[in-house]
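Below is one structure, written out as structure tokens; comments come after it.
Think of it as A, B, C, D, E and F in the order they're written, each chain with its own count starting at 1.
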Amino acid sequence: MRITRRETFNAAHRLFRPEWDDRKNLEVFGKCSNPRWHGHNYTLFVTVDGEVDPETGFVMNLKNLSRIIGTFVIEKLDHKNINLEVDFMKDRLASTENLAIGIWEQLETPIRKEGARLYCVKLVETEKNFVEHFGPNP
Amino acid sequence: MRITRRETFNAAHRLFRPEWDDRKNLEVFGKCSNPRWHGHNYTLFVTVDGEVDPETGFVMNLKNLSRIIGTFVIEKLDHKNINLEVDFMKDRLASTENLAIGIWEQLETPIRKEGARLYCVKLVETEKNFVEHFGPNP
Amino acid sequence: MRITRRETFNAAHRLFRPEWDDRKNLEVFGKCSNPRWHGHNYTLFVTVDGEVDPETGFVMNLKNLSRIIGTFVIEKLDHKNINLEVDFMKDRLASTENLAIGIWEQLETPIRKEGARLYCVKLVETEKNFVEHFGPNP
Amino acid sequence: MRITRRETFNAAHRLFRPEWDDRKNLEVFGKCSNPRWHGHNYTLFVTVDGEVDPETGFVMNLKNLSRIIGTFVIEKLDHKNINLEVDFMKDRLASTENLAIGIWEQLETPIRKEGARLYCVKLVETEKNFVEHFGPNP
Amino acid sequence: MRITRRETFNAAHRLFRPEWDDRKNLEVFGKCSNPRWHGHNYTLFVTVDGEVDPETGFVMNLKNLSRIIGTFVIEKLDHKNINLEVDFMKDRLASTENLAIGIWEQLETPIRKEGARLYCVKLVETEKNFVEHFGPNP
Amino acid sequence: MRITRRETFNAAHRLFRPEWDDRKNLEVFGKCSNPRWHGHNYTLFVTVDGEVDPETGFVMNLKNLSRIIGTFVIEKLDHKNINLEVDFMKDRLASTENLAIGIWEQLETPIRKEGARLYCVKLVETEKNFVEHFGPNP
């Protein structure tokens, strides 16, 4: 059984490699490399799986899942500049893929402490694209 | 190949354990334990998988899938009180997880009789949470 | 210029007239008259209009609008039984139309005190129906 | 008869008044005043009204409407910083209201040249708020 | 007070004038002039306005509104070819505008007979465009 | 890691077997067998999976994925008659399942040439049904 919680945040970012010049960044990242930033309304779906607790009927209490996502992800990302202000994205290219990896790393331990298992981080950047991360390979 | 049918129903429910007092129910289930009920527009996605029939081009005729969902699930749940009026939820805590399990049990046999295999019951309770049930472990 | 805030709440209700018998209630209100309740995820759109304040660029600060809707509407309706627990719906048939009227009456004065003017209460009951109330005729 | 075209763009912005200090900006604009920017997926609905041309069956050819919106609005806003890079937003607080006014000014003349009349600019900033601008008062 | 009912239908159509040659049709109507047809999932919003009946709490019973839309519009359009098979679109260019006019003409009288007043026919052709028709000018 | 691109197209089709008479086609395919066609707004989700390239932060550059989908799928299907005009659907019943298989065959090689792996073709025909194809069994 899997349960999923949906949360949203708004943030600015740009895609670029500092060791590349503007032309190379533009060639690879297109408009997303704009040095003056752009931004998105991100939608985040966090899926955990586990057994249903016979006492509560829950895989995990959504209040706890929501609180964890709020503390470890939304507060750090909402209305922020992903490249400049988010500790877990430091030295990482601010692609949707890398952001999903960063969010996974933030959530895995606190969710495990609640007795559940993080299964998937789905991150929707625009209505035309999203990524799904199922964790690092063992 | 998997095909999915989407259906909707509206129902009332509450989350509580009769052997717990109100304080304990409120502590665990929050506002969802309100003794005077609340309700939702549930959205149900039923996924079956199988081979494509070369004659019809279908994994399963959606008319039949829709009829089965209507008879075994929607008619029993739509505009009903899940705790009080739904036979397959008797003695079960009316969580989204348990409701998905109950719906799975309702659908598995009639879908198998049509030559298809139930793959997933996805139940969306609000725009912020949903569950996916892939059947009991063997 | 009009600005709109979207909020959601979940509630139980039934449609019936106490002076009618069950058959008459069923005839007029159909499944919505079920004595054991059903419920919905309601989506509420509150629209105010006014001039843009040159200092803030706002018709009305959304923080204030959201706080007002939260205090006067969402807290009273969310996870509640509309027929039994909502003061401003007392002695009113719990139709979507009447609920929109009740919400209007709750919001008009506090929004006016903020210097804005309530323009429309739109209330979506299911994905197949909604109502829009533009206030009482003068 | 009114026809509406929907377009999208992504952009960064912040809400602040340069003559206010950070504390005042934070008090009025909240997280939206973050000096390092945040951003949104904006959704724009442009509505024109007019008579149906008996020859084409159109109020206005959507190809032309889409081209006008693309040239005068989307190219100037998409993947841009609204505060720093958008000519028609210069010296304007980058609120959704002011952005809708700016978009109206961009579109009104080219749409009139096509023989149609701009009726409404609706700009959705997040799933929780949008504005509608119907033009300046005469 | 306005209430709105949402219905859907799927249909094929093409945009063309028989007295124009293919080149002219292609120039004006683009890909929509394809002689071998294309199609859409149309979404129809029918809005009626009126006073709230104090007995039922309804502007109009949605069961009746839905039945009227079903009989006079959906049955005639669903899974049909708009150019070839729909009586009320005979000799009319199958644009979204003209289809909205045709739907208005179908619905106005039967809705009036129920004591309500048709206010708007909104017809969504794709996620990028829709039309709204408010009736003929008197 | 999986990334998904969403694209849309509009097309006409009908479901029928030429060797069956009209009655048999109607019995199996219902309204979808209408000889004069009907149509849909199809929504296509193409999912590829792979490792994140440490240089770009991408599983696959969405510009390339979008270009491939455009060339091999959308240009061939958009505003077309699936039964009559689409080379890769020749001699195939135009069911959603078969269309997903055809789209898979179109996309697999060009995506592989970009160093990524096609994982899923999800095709949404109406708001009530979709299919997911994960490729042929080896």
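Keep this in mind: a residue touches a chain if its C-beta (ideal position, glycine included) is under 8 Å from a C-beta of that chain, and two chains touch if they have at least 3 such contacts.
This is a predicted model, so every value here is computed, not measured.
Q: Could you figure out which pair among A-B, C-E or A-D mirrors the E-F interface, over half of its contact pairs being identical by residue number?
A: A-D
Q: Suppose each chain is reduced to the average of its Cα coordinates; what separation in Å results between chain B and chain E?
A: The answer is 34 Å.
Q: Chain B to chain C: how many Å between their CA centres?
A: Going by mean C-alpha positions, chain B sits 28 Å from chain C.
Q: Where in chain F do residues touch two or more of the other chains?
A: Chain F, residues with two or more chain partners: 127.
Q: Which pairs of chains touch one another in this structure?
A: By the stated definition, chains touch in these pairs: A-B, A-D, A-F, B-C, B-F, C-D, C-E, D-E, E-F.
Q: Can you check the complex and tell me which residues of chain F touch chain B?
A: Chain F reaches chain B through residues 15, 17, 28-30, 92-98, 100-101, 127-134.
Q: Applying the document's contact rule, which stretches of chain A touch chain B when the two form their complex?
A: Per the stated touch rule, the residues are 1-7, 47, 52, 55-59, 61-63, 66.
Q: In their shared complex, at which residues does chain A touch chain D?
A: Residues 8, 10-13, 31-32, 34, 36-41, 78-81, 84-85, 126-127 of chain A touch chain D in their complex.
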